[in-house]
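Structure, as structure tokens:
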Amino acid sequence: MGAFRLALVNPNTDPADTDEMAVIVRAAFAGDVNLELQALTATTGSSAIETASEEVVAAAETIEMIRRTGDADAYLIGCFNDPGIDAARELTEAPIVGIGEAAYRAILFVARRFAVITTLPRGVPDLEEHMERLGVRNRCVGVWATGVPVSDQGAAFPGTTEAIIAAGRRAVEERGAEGLVLACGGMSDVETTVTQRVGVPATNGVVIGALFAHSLWRAGLRTSAAGSLAPLEENASTC
Amino acid sequence: MGAFRLALVNPNTDPADTDEMAVIVRAAFAGDVNLELQALTATTGSSAIETASEEVVAAAETIEMIRRTGDADAYLIGCFNDPGIDAARELTEAPIVGIGEAAYRAILFVARRFAVITTLPRGVPDLEEHMERLGVRNRCVGVWATGVPVSDQGAAFPGTTEAIIAAGRRAVEERGAEGLVLACGGMSDVETTVTQRVGVPATNGVVIGALFAHSLWRAGLRTSAAGSLAPLEENASTC
Amino acid sequence: MGAFRLALVNPNTDPADTDEMAVIVRAAFAGDVNLELQALTATTGSSAIETASEEVVAAAETIEMIRRTGDADAYLIGCFNDPGIDAARELTEAPIVGIGEAAYRAILFVARRFAVITTLPRGVPDLEEHMERLGVRNRCVGVWATGVPVSDQGAAFPGTTEAIIAAGRRAVEERGAEGLVLACGGMSDVETTVTQRVGVPATNGVVIGALFAHSLWRAGLRTSAAGSLAPLEENASTC
Amino acid sequence: MGAFRLALVNPNTDPADTDEMAVIVRAAFAGDVNLELQALTATTGSSAIETASEEVVAAAETIEMIRRTGDADAYLIGCFNDPGIDAARELTEAPIVGIGEAAYRAILFVARRFAVITTLPRGVPDLEEHMERLGVRNRCVGVWATGVPVSDQGAAFPGTTEAIIAAGRRAVEERGAEGLVLACGGMSDVETTVTQRVGVPATNGVVIGALFAHSLWRAGLRTSAAGSLAPLEENASTC
Amino acid sequence: MGAFRLALVNPNTDPADTDEMAVIVRAAFAGDVNLELQALTATTGSSAIETASEEVVAAAETIEMIRRTGDADAYLIGCFNDPGIDAARELTEAPIVGIGEAAYRAILFVARRFAVITTLPRGVPDLEEHMERLGVRNRCVGVWATGVPVSDQGAAFPGTTEAIIAAGRRAVEERGAEGLVLACGGMSDVETTVTQRVGVPATNGVVIGALFAHSLWRAGLRTSAAGSLAPLEENASTC
Amino acid sequence: MGAFRLALVNPNTDPADTDEMAVIVRAAFAGDVNLELQALTATTGSSAIETASEEVVAAAETIEMIRRTGDADAYLIGCFNDPGIDAARELTEAPIVGIGEAAYRAILFVARRFAVITTLPRGVPDLEEHMERLGVRNRCVGVWATGVPVSDQGAAFPGTTEAIIAAGRRAVEERGAEGLVLACGGMSDVETTVTQRVGVPATNGVVIGALFAHSLWRAGLRTSAAGSLAPLEENASTC
């Protein structure tokens, strides 16, 4: 097969986060797929998206990045709340995957009940409404916030990983969680550790989201151009 | 009583729309309340918000406008999909009302079933998801799109008004609508005509939203600063 | 503006409750609106509505009071479960507001998650079903019953206020409540104290309900006379 | 077995309706059960309950009738919207069945999708909210209103029966209804005819409700006296 | 009346369970109804259905048993998850009742909130999805698993009964349960004990399911043969 | 990378169907992945699964096939209603994908509203309940049944394809469908034709399900062994 041109769109402004996700995405395809990865970092906004205000800015920046990158085969939006995803789908017929929706849909292939582990408590209402939009809230046994900010996530912060593992174990033991959703893009490099230590599948959507994006592209599924997703030039009244 | 300082935030870039809404808001308080109205128009974005992409840009612009206007007693966001409203509530303790949520909550005080009349069909999924978030979708008997763009709404376009009336009558006769939600900021000056001609209450949220904003302020209800609405400076990890 | 003729309908038989609510309603309009308040007290039924049986009697008495008071501009039903409200809307085109629905709709303008604080535990299922009808149950983080009966509510019972504050604090700390709904008409004079002491907005719907009723009237929104709300004389089969 | 003492409570004031239902109930037990039927007719209210106002009055009258009849083994409330049923359950430990809830629960034992056939269109919102409370709305393919008032229901009005059959056939053919709920107490004597002519099971809850009431009694299931159904004398604050 | 020919279908392979349920069913009709009971035991599968795999096998065996028993007046499926019930309804016009659906529908006639008490924790997701399908999950205050396997249920295991009672009391005291659903066929002979000791109605559906089956048959309600329940010979493509 | 050992499990007994799906699955991986495909056909049951009874038998046969094939890297269940899928997940830690759930989850990555096109009308309730379990029913604008049986599906029956296209066009034009779910395993070879002719993405889940299965495996996501998915030998009471 020819190359798979994936654009990884990081809605925050921290290029280290982009790099971290890019490494993981590359590893996910190594050996199978000829990946041409384009990794984009937001130029305005926050280096860590933790509030609704930051997410609003991130959404605008995300669609700008996609607009400027018109020829990818697929896009992966690397922020758990999938900022701007409906809007992004108006801009291209390439399939677009958000890591949040990828994580929720993936976990339900391997578990009937899941728990969400997140960073700050203030994000919980956004997570719950995200789950409602995706139709998965009644499969969630609870959301655990570790209180550790986005900036201190990832394998470089072993204490954070321990906090995630502790929360995951409580979710399994006290509420019957059968899988874990790690609700932060920065948790992608601890998926394996959490899975092994807690003993149930864990995902944050970066790896599986990239793979799902490839699957959609390979299956010939392109973003619809009908209804709410019709190309924008059809709007005569916009000026 | 002292003055009520209301900021009307128009998320689109058309100052004529802002003026039209400002006239209507002023009339709603005339004689009762000493209104000090500050009317703001977006400086970037679309002159008519009809797509999810335009709404994303509008949301970012909306919170920017609110950030720059720190001392109002209350805010009214003058676009039916309430762009950026959760984010806006992080920025101030003044109550914030979106015309969409105002319209849905108001109509249910005077009708048990309502229909939505909107502009372009492409907006229907956004409207339905908005109703789901507000918990009112099961009270909606249907959404009618006239196919008339945002730019051609308002009393200056009598043909549009006739199309709204025709849709409203069908909603009443065929589906049992008891009230109408006019899902576009530009429809605020036809509420009375539609109400009279169709014979059921109609609202688009500009008038009632402004009045509700005053009511919240008068009742001493301030936007919460707890949980997801905690002030942003509490986010140590943001940089 | 001319006078606003509001009828405050107290579904219980205790005139002291009516007086207490009337004082608060008057204060809510002082200085802005020329209020002509008509305060009505049920003549049969219970002095404190705490059971479904008492609510059934209260509903019948409520519509009787509204029937006898045909010329108000708006009505406020002063019992948290909004007894008889759908029926009341068949009787008049003046807008009718229940304090329960007003409280739930108001709190969601200023908070994304709320807790309910009520009197006796036996009322919890009624509260939950009320929230389901209004479409707001998934925004409620829990219901706390203090165990204090209706008769011992209000600023005259400081111990009750402390119990409400304690419950409110637990709701904020343990479940992330961002606002409080005080589910009893008798709690209207402690709203401010609870708001200040707990630090999140609190409402029981009397103040905001009266203000919303005025807003609806001012906006020209009248109760629908279509569908289920058609005038009763259309029922040929009634005798 | 000893006698089964059933109280049939007709919430409307028409003794002819009571008699009609009583005949049908007696037939349902003939040969099996030693039925002692006490048939009660409302003394105030409407002779045909078609509006929310009439239902409010009927609810109050229903609980009065049950209060006065303290020694039945079970109660059947003979009006489709089950007026006052939660309140009634506070009054006695005898099981109480409403014909509406009986009809909905029964039809789902014999059909996966049902249609509702009712009298006047104005009753549709009440029916829909009733189905939501019972958790069955997503199994309903639609509500058909014949436009024939309550007073003209029953086998004595063959034209009405034809209208019901026509509506039922459309529901089966156009929407896949597998069963019919006849949403009026006055339709109890046309169940068999409708079932045979349309070819799918039809019920209005009078027959099956009486039988279910006996089943509950026979199984030893008594109305709970816990939580919201605790006996009323526990309310110290009532006077 | 003539005899009522009921087929009790036990989806597990333990004839002792069948006998136990048969004794209870006979007692439920003694004196009233001339019962002709046919009690069937699965010949393949598990002696105790505790996993989804066992339930799949049980469903296939259940419809085989019903197919072989073509002339009953009604069927009772004696396993709480109602294995194969939709399929069973394709096979006969006799009414079919599952003990699970019977228990959930019955408890809601006598309680507004119920708790579920079950055997092993692994069955909880199945129970929750069962409640969702029946539309009753929002009336359930929680599921308590005693950890005691199916094989050790029933009056012969007094320790199990004590565990059920302890769980039931916690559900009443801590969560406001007003009734109990005992989610295992093997609990049918402890219903009375649990009801008396906990003080709220308890049911596992065997007794009430058999009585409801009789009620449906007596009311003339037959399983629909329309839509998804059309007789199988209509499927031309089956071979 | 090493080989990906996928087991394609066809729950019906028609080896031609298995072959057809196998061809399509092989093509989906050609060039990228070293696929070792094991294609299994049911040995008992129906050659076309169109009824609930046939699905029950298919579920039992499906788990038998999986039990006998213990060493695959992943499983794809090739029948749209995903028979036995929860049970299958108890049997292995390899990820298991059903074509139905794959189709619903995939379409929502590329469309906000979808329509379902199916074979016989009798299957509609099963489809609707499947969508409810997956949490996607509120994104579905309707189900169209062509009336063409399973046996006459696929590219070999051009008239069937035309019927699917006609239904798809109606769904897009009349109800705003943005994507199509083709609810039958036999439709896998017409996905491309339907997509091109109707102009919106269409999927039946065979291609995308196989690719998703590979993605899950590649991402290291294994079926949970916790909670309801714990290995069966833990059930001490089974014999």
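By written order: A, B, C, D, E and F. Residues from 1 in each chain.
What we mean here is this: contacts are C-beta pairs under 8 Å (C-beta built on N, C-alpha and C of every residue); 3 or more make two chains touch, one makes a residue touch a chain.
Treat the numbers as computed from the prediction; the structure is a model and nothing was measured.
Counting steps between touching chains, the shortest path from chain A to chain D takes 2.
Looking at D-E and A-B side by side, the one with more C-beta contacts is D-E. Separation between the centroids of chain B and chain D, computed from CA atoms only, is 43 Å. One inter-chain figure worth recording: chain B and chain E are separated by 51 Å, centre to centre, where each centre is the mean of the chain's CA atoms. Residue positions 86, 89, 112-113, 121, 124-125, 132, 137-138, 176, 227-229 of chain B each touch two or more of the other chains. Shown here, the protein chains touch in an arrangement that is not a line, ring, star or fully connected set.
Touching pairs of chains, sorted by label, consist of A-B, A-C, A-E, A-F, B-C, B-D, B-F, C-D, C-E, D-E, D-F, E-F. Remark: chain F residues 1, 28, 30-33, 86, 89, 95-97, 101, 105-113, 134-139, 172, 176-179, 191-192, 195, 199-201, 203, 207-208, 211-212, 214-216, 218-229 touch chain A in the complex. If you check the complex, the residues on chain A that touch chain C are 121, 124-125, 128, 132, 137. Per the touch definition, chain E reaches chain C in the complex via residues 112-113, 138, 176, 178.
Chain C makes touch with chain D in their complex at residues 46-48, 50-57, 59-60, 63, 84, 86-87, 89-91, 120-126, 129, 132-133, 149-152, 227-230, 232, 234-239.
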